[in-house]
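In what follows, structures are represented as C-alpha cells.
Each of the next two complexes has subunit A plus one other chain: subunit B in the first, subunit C in the second.
For the complex of A and B:
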C-alpha cells in the first residue's frame, strides 16, 4: 500500500476511536451515593423511592412535563366519571425471577396502595373502581403504584431495568442490570449504591472520583458547578418546615410572631442558592396550584407587636434540627436572627428532643394532591386532615385551616439535586425524573470497556 | 465611792483612752498607707490597660488593611460590583480570612450597606449595616470601640474599618478584636487585685469567666453612666467588711460618645480589713490587759495607801467613840507611815493628857466636893459650937438659967445635928448610887409619870407645860427609877429656873441608834462658865438645894451609856439634851 493511503486510514481510525469514546456503550459499574439509608426496599417507604424505581415499575410513568406514559400498562381508559379505570398490561414482561408479569401480581401490588378502591383483573386487563372520581389516579399510580412480587424465598422482585443483587440494609446495595428487561438492557452492568452518606461527604467523594453520582445540597451545588459537574434536579419534592412540638408554645401569638418574622427570600437566595421555591404552603405550587396564595413575605412590625404582648418568659424558644437536612443549621440560625429582630430569642441546637420546635424535611408522600395533603400532616406531627373536597378550592381551604394556627410554618420546597462525575453520560435524559425517580438505565460510562 | 474604786476607774479610763487614741492613730495611719499603696497599684494596672489597648488598636489597623487590599477581597469587590452580583457566593468567604488574620470579628459590607458575609455571625447575611456607609474617610480613621451583637451574647470590640474600592463601588471591610477574657488575662496583676470588663448592659467578665454578682456593682456603673469619667468606689460583696473591694472604673466610650462599657480594677480590702481587725483585737487585748493592770495597781496602791488610811480612819472613829487606847499598825516609812506614827503618838498623848486631866479633875472635884462639904458642914457646925459655948457660959455665969438655956441649946443642937445628918445622908446617897437595873422602858410614859408629880408645883409657879413626845419612839433599855429621877431633877431645875413662870417644853424624838430627850425652859439662862460647871457635884446657881441634882442626872445618864449636854445663853432659857441608846 502506498504511504499516502495510510493517512486517510489513520484519520478514519482516529475518528472511529473518538466516536467510540462519545458513543454510548455497555459496561461498567455506576457508583451512586445517597443520604437516605432505608432498611428495606419497601416500595411504600419514601426514602427508598428513588432506588425502588430502578427495580420496580408502575403501570404508568410521568415524563418530563408530568404527562403519563405507558410503562407496564400499554394503554388505559376510564369512564366518564373517572371512577372506573381499565389498564391493559404490556405483554412479555417478566419479573427478575423469570416469572411473567400477571394481572394477579399487579392487583396484589396495587391493593396496598389504592385503599378503598376495588381492583380486579380480567385477562391482561386491570380494572380499578375508585370511590371518588380520580383524575389523579395516574399520578398516584406513577408515584406509588410500583408492581412487585415475591420470589420463592419471599424476597421482593420487580420488573425494572435492574434487579437487586445484594442488600445490606441502611449501608450498601448492589443492583445488576436485568438482561431480560422489556425496555432493553441498561448500559451499565451494575450499580453500587452507598447509603447514609452526608451531603458534604458525597461531594468530596464526587470530587475525588470515589463516586459517580452524589446527592447535592444547595451549599454543595455551587461548588459542584464550579468544578464543572453536571447537576440534575427534580421538581420541588421536599418540604422544609418549622413544626412546633406538641404541648409547646401554647400561645398562638408566639407562633404567629415567629412565622411573621421569617425572611424566606434571603435564605432562599443565599443559603439555598435559589434552588426550589419559597413557600408557606404544605404542597408545592406545581402540585396544588394554590401555594402562591399563602403569604410568604415577613411582617416584622406585626411580629414585634405580637411579641410585645407576650410576657418576657414566653419569648424564648428552643429550635432543633436534623444535621442531615440540607443547609439545616444555616436555616435555623437565620431563623434565630429574624426572630431576634421580632424580640424573640431562639436557641438553636441539633437533635434536641426537648426543643419547642423542629426544622423538618418531608418528602412529598404522593403525587395525588388530596392524598398528599392527607398524608403530609401526620408526617410532620400535625393532625390528620380530611379535605372537604378534591377541588383546588376545597384543598386550599383544608390546607389553610391546617396551617392557620401556625403550628407548622412551611419555608421551602426543595428539589432532589444530584451531581454527576465527568464519566457519567445520559443517553436519553433525564437521568432523574421530575418526580425524583432514577432513570439510570439511560446512563453509560465513558472509559468503560465497550 | 471608795478610794480604791476611784483609783481603779481612773487607771482604767486612762488606759482605755490611751489605747483608743493610739489605736485610732495607728488605724488611720494604716488606712492611709494602704490607700497610697492601692493608688500606686491601680495606677500601674490602669497604665497597663491603656498601653495594651493602644497596642491592640495599633496592631489591628495593618491586619484589616491587608484584608482590604488582598486579591481575594478585590475579586470579591469586583464580583459584587456587577449588576447581577450574587452576594450569596461570598457569604462563607470571610470566616477563613478572619481566622487567618487572627481577628475575632470580620464582616464585609457592600457599598449599599448590605452585610455580605460575617465571620462572627454568618446567619446575618443581607442585613443592613447602614452605619458604615455614613463615612467616606474610613481609611484614615483610627480604630474605635464597637458593640458586636453575637447569636447568644454581645461583645465589645476594638474595630477598624477599611474600604476596598472597585470603580465607584465600595466594599467595606470591618475587622475587630474582642475585649474578652483573653484581653484581661494579658494583665499582670498584684496579689489581691483583679481586672474586670463591664459591657453594657449588665455583663461583667473577669479573666476567669463571667461574673454573676453584678448587682453589687450597680452603684459603680450608675455613677459611671452619670459622670462618664473615672470612678472609684468600694463595694461590699457580702455583709463581711473583709469582702469589700475597691473598684477603679475607667469608662470605655464609643465613637458617638456613648458608654460602651468599663474597665474595672478591683482591689481587695481583705488584707487591710484583716489588719484593722488584728489591730482592734490587739487594742482590746491591751485595753483589757491595761484594765487588769489597773486593777492590780489599784489593789497594790490601796494596799499601800488606802488600808493605812482606812486603819487611821477606823482608829480615829474608835478614838471618837472613846477608845483612846487605839493603836494603828502602819508599817511604811513614807508619809502614810509618818501619819500613822503621828496618830499613835496623838492617841498616846491624848491618853496621857486625859489621865492627867482626869486626875486633875478628880482632884478638882475632890477639892470642890471638900469645899462644898466644908461649906455645908460649916453651917450647922457653927451654931453647934455657939450653942455649946452658950451652955458653958450659962453653967458658969448663970447657973440658975442653965436649965432653960440647956433646953434651948439642946433643941438647937438637935436641929443642927439633923441638918448635918441630912447633908451627910445626901452625900452618902450620891456616893453610893447603885448601877441601873435595865428593863424595857417606854420613855414617853416615864416622862408623863414624872410630870404628874409636878403638876401642882407648875401650876403654882405659873409654868406652862408643852409636850412634844414622838409617837414612834421605840422602847429603850433603862432603869425606870433612876431615869425617872433624872427626868424629875431636870423638870425641878427648869421650874426653879422660872420663878416668874414660863414655858417648860419636854420633847422626845427617835435618833439613830437611840432616843433623845430635851427639857427646855424659858428661864434666865446660863453663862458659858456656868454651863461648864453645871454637872459638878454641889455646884448650884440656886439659893436652895444641894447642888447634887444635875450631878445625879449626869451620873444616871452616864450609867445608861448616854450623854447629856446643855445649851443655854443668858436670857434665852436653857435646854438639857439627853441622848440614850
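For the complex of A and C:
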C-alpha cells in the first residue's frame, strides 16, 4: 500500500538486464506489441496514450516520486494563490514537420485539455489561469497536456523523440527516430508496432523472439520472469471493479451483501499473482493517499445476514465480463463462489448485455486526483460528481459518497506490465513511467549496427 | 485552500488530534500509528507527540492513525472504531521537495590504482582538468572553474540537440582551455573572469596524448579517421574509446569487442570481456590499459588495469570498484580521469586514477 510499492518490481526489472554490456548502441528496430487497437494516433484517444507519449510531449513531466520536471517548458512560476501560472517555452524545439514550436501551438493544444482555464501567450511564455488553485495543473499538464500541431496535410505532428512514419488503423504502425530531437536522438532507428494482439499471443511472440516488448497479464508475469525476460511495471493504473447496471439490483441490501462477500485477498494472491493492489476505492492509493481507508476485508456473516433479509427470488444476479480484462473470467468465477457462500447465486457469462452487473476495467484518466475522480464516476455509470474540493479531505468525502450505495464495488488496481527481450537495454530508466507512458527513446538494442 | 496550503505537519497533526478528541467525546482510546509515507521516524514521533496531550489512553475506542501521502500532499488519516461504528477523519499538508538522500560512496580499494575524488555534482560530468590552483569541470550545460569555495561558470550554448549518451573532452593549456562536445568545440580562458566561445565543429577530439579522432555528430562514438602521431592516419571501424598499449593501440568497438591494432594498422586480436571505456596510462613500470567491465548502466562498475603481453591483455592489478556505472574514462597521461554515477545518490563524481606501480 505504500505509494512507492510498484518500485520493487521496477528494480527487479533493472537487474534482469544486468550483465549486458557497455555504452548504448545506436541502430536497429524495436518491435513492440500491444493489446489496444487505436484507430488514430490522437492525443485524446485513451487507447493510444502510451504510444502517443513517444510522438507528443507535454510542458512538464513527472519523475518517479511525482515531482515535476521540465519538458517543453524549461521553467514555470505561479502567483501566491497557485492559480495564475506562467510557463517559459524551451527554445529551439521543432515539430516533426520542421516548423518551430511556437506559443500559439501550445495554447491551441491545451485549450481542449484544460476546460475552464484561461490560456494565453506572450512572447515565449504561456500563461494559464487555472480553474482551481494548487498543483493539480502541473499534474494535468504532465498527463494530458500533450502539445501538437497539424502539418500541411492536416495530420497531427508532435515534438517527441519519434515521428509517425506509417499508420494502419488498429493494426500496425511504424515510428522513426527524430534525428534532431531536442533531447537527443533515440538510440533505435525505428519502432514497429503491432496492435490488437492478445496477451497470450504477445507472450508467445516474446518467447520465440518475434517481438522485443510485449504486454503481460498478471498470470503471465511469472512465466516471463522465469524465462529470464526483463519485466517492467507502471504504478497501478487500471481499476477493476464490479458495477451494477442501471435499474438492476435495486435493493441496496443485495448490493451490500455481494460487496461484503468478496474475498479480494485470495483473488489477488492466486489469480493476479499479487500484482497491483487490493482496493475498495476508485482512486489508487498512490494518487489519493487515503484508499486504505475504504475497508476491503470480507464480512461473510453480515453478508449472509443481509441475504437472509431478501426474498429468494432476489438472490440471483447475472454477472458479465469483458474477455479482454486480464483474468476477468477467473475473477468473476471467484466472485460467484464467494457470493454462494453468502447465499447469493451469481451466474457468470461473457459480454451479456442484460446482466445485472459487469466487471469493468477503467484506466486512470488523469494524474489530477480531482479530475480523475470526476471522470471515473460517469465512465462506469455512477452519477456525476458535484464540484469536488481539491483537498484530500474533500476528495475522500466525495469518493465515499460515490461508493456508499454499493452500485460500484472496486476490487483491484492493476499496473501496466511488460516483458522485454534479452537484447533490449535501457540507458536511463525507466522505459515505462509511473503513468504507463513509453520512454522508448531510452532503449537500445544489443547487436544493433549503427 | 490557501490556508490549507500554508499548513505544515505540526499544524495538521494538532488539528487532527483535536478533531479526533472531539469525535470520541474525550473518551479514553487505544492509539496505533503506522507510516505508509516517505516521512522518517523523527517525523512520525513528532506526529505521535501531537496526539498525546489531546487523547486519554486505555479505553475501548480504537484510533488507527495512518501517515500517508499522494503526489502533492502528506495525509494523516484517523480511523476511529467505537462499538460497531467507524469514522474516518483526515488532515493534509503539502509535500515539499524530498530530502536529499546520501548513500555510501565507493569503497576504497586495495589496488594499484589510487582513486582521488576531484569533483562531485548532480549534473553528469563529462571531463575535468586539474589546474595548479583549482579544477575545471565540463558538463553538458557549462564549464565550471572552482578555486576552493570560489566558483565561476560559463554556460555552453546549445547549438544543436545533444546526444542522449552525452560525451565531452576537456584540455587545458593555461590560461586557455578547449572543450570538445558532440559537433561543437569551445575555446575559452580560465583567467578571471572565465570566458568561452563555442561553435559548431567536427574538429577531432584528443583520445590520448598524440592521438585524435572525430566523434560522430549526435551519437556517442568515434568513427572514421584516427590520427596517431607516430603512426599516421587511418580509417577504423566505429569505436567508443581508444588507448595506447605500448606498440599497439586498443579500440573499444561499438559491437562490444575491443580490438588490438599494431603499428602497421593490422588488427592482431580482440578482447571480449571489457566494457566500452578504455584509457591508457603511463606508469613507472610501463604502459597499462585501464578498462571498464561489461556492466550495465544499472549496476556498479569497476576499472581494472591490464598489460598487453604477447598480444593478449593480462590483468595487471585488482579491479577498482565504483559505487555506480562509469560514465566517462579519459587518459590524462600519467593518470586517468574516471566519472561515475553513484547509484544511491544519483550524483556524479570525477576521480583521478593514479597508478601506484609496485606498491
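Everything below uses one rule, namely that the second predicted complex is superposed on the first by the 426 of 450 C-alpha atoms of A that agree within 3 Å, B and C clash if a C-alpha of one lies under 4 Å from a C-alpha of the other, contacts with A are read in each partner's own complex, and residues count from 1 in each chain.
The rule we apply is simple: a residue touches a chain if its C-beta (ideal position, glycine included) is under 8 Å from a C-beta of that chain, and two chains touch if they have at least 3 such contacts.
From a predicted model like this one, the values you see are computed outputs, not experimental measurements.
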item	value
Combined model on subunit A where subunit B meets subunit C, clash or fit	fit
Dominant toucher of subunit A (residue count), subunit B or subunit C	C
Which superposed partner A:209 touches (first subunit B, second subunit C, both, neither)	neither
Which superposed partner A:337 touches (first subunit B, second subunit C, both, neither)	first
Touching partner for A:169 - first (subunit B), second (subunit C), both, neither	neither
Subunit B versus subunit C as contact partner of A:23, first or second or both or neither	second
Partner chain in contact with A:252 - subunit B first, subunit C second, else both or neither	neither
Partner chain(s) touched by A:270 [first = subunit B, second = subunit C, both, neither]	first
Which superposed partner A:378 touches (first subunit B, second subunit C, both, neither)	neither
Touched partner set for A:120, first subunit B, second subunit C, both or neither	neither
Distance in angstrom between the closest Cα atoms of subunit C and subunit B, superposition on A	23
Touching both subunit C and subunit B, counted on subunit A across the two superposed complexes	none
Subunit A residues touching subunit B - in the complex, by the definition given at the top	222, 266, 269-271, 273-274, 330, 333-334, 336-337, 347-348
Complex contact set, residues of subunit A against subunit C	1-4, 14-15, 17-26, 62, 65-67, 80-82, 92, 132-136, 139, 179-187, 285-290, 292-293, 295, 367, 369, 390-393, 396, 400, 425-429, 441-442, 446, 449-450
For the subunit C and subunit A complex, residues of the former touching the latter	1-2, 4-5, 36-38, 66, 68-75, 77, 79, 86, 88, 90-92, 94, 97-98, 158, 160-166, 216, 218-221, 223, 238, 240, 254-256, 275-277, 292, 294-299
Residues of subunit B touching subunit A in the complex	86-89, 91, 121-127, 151-152
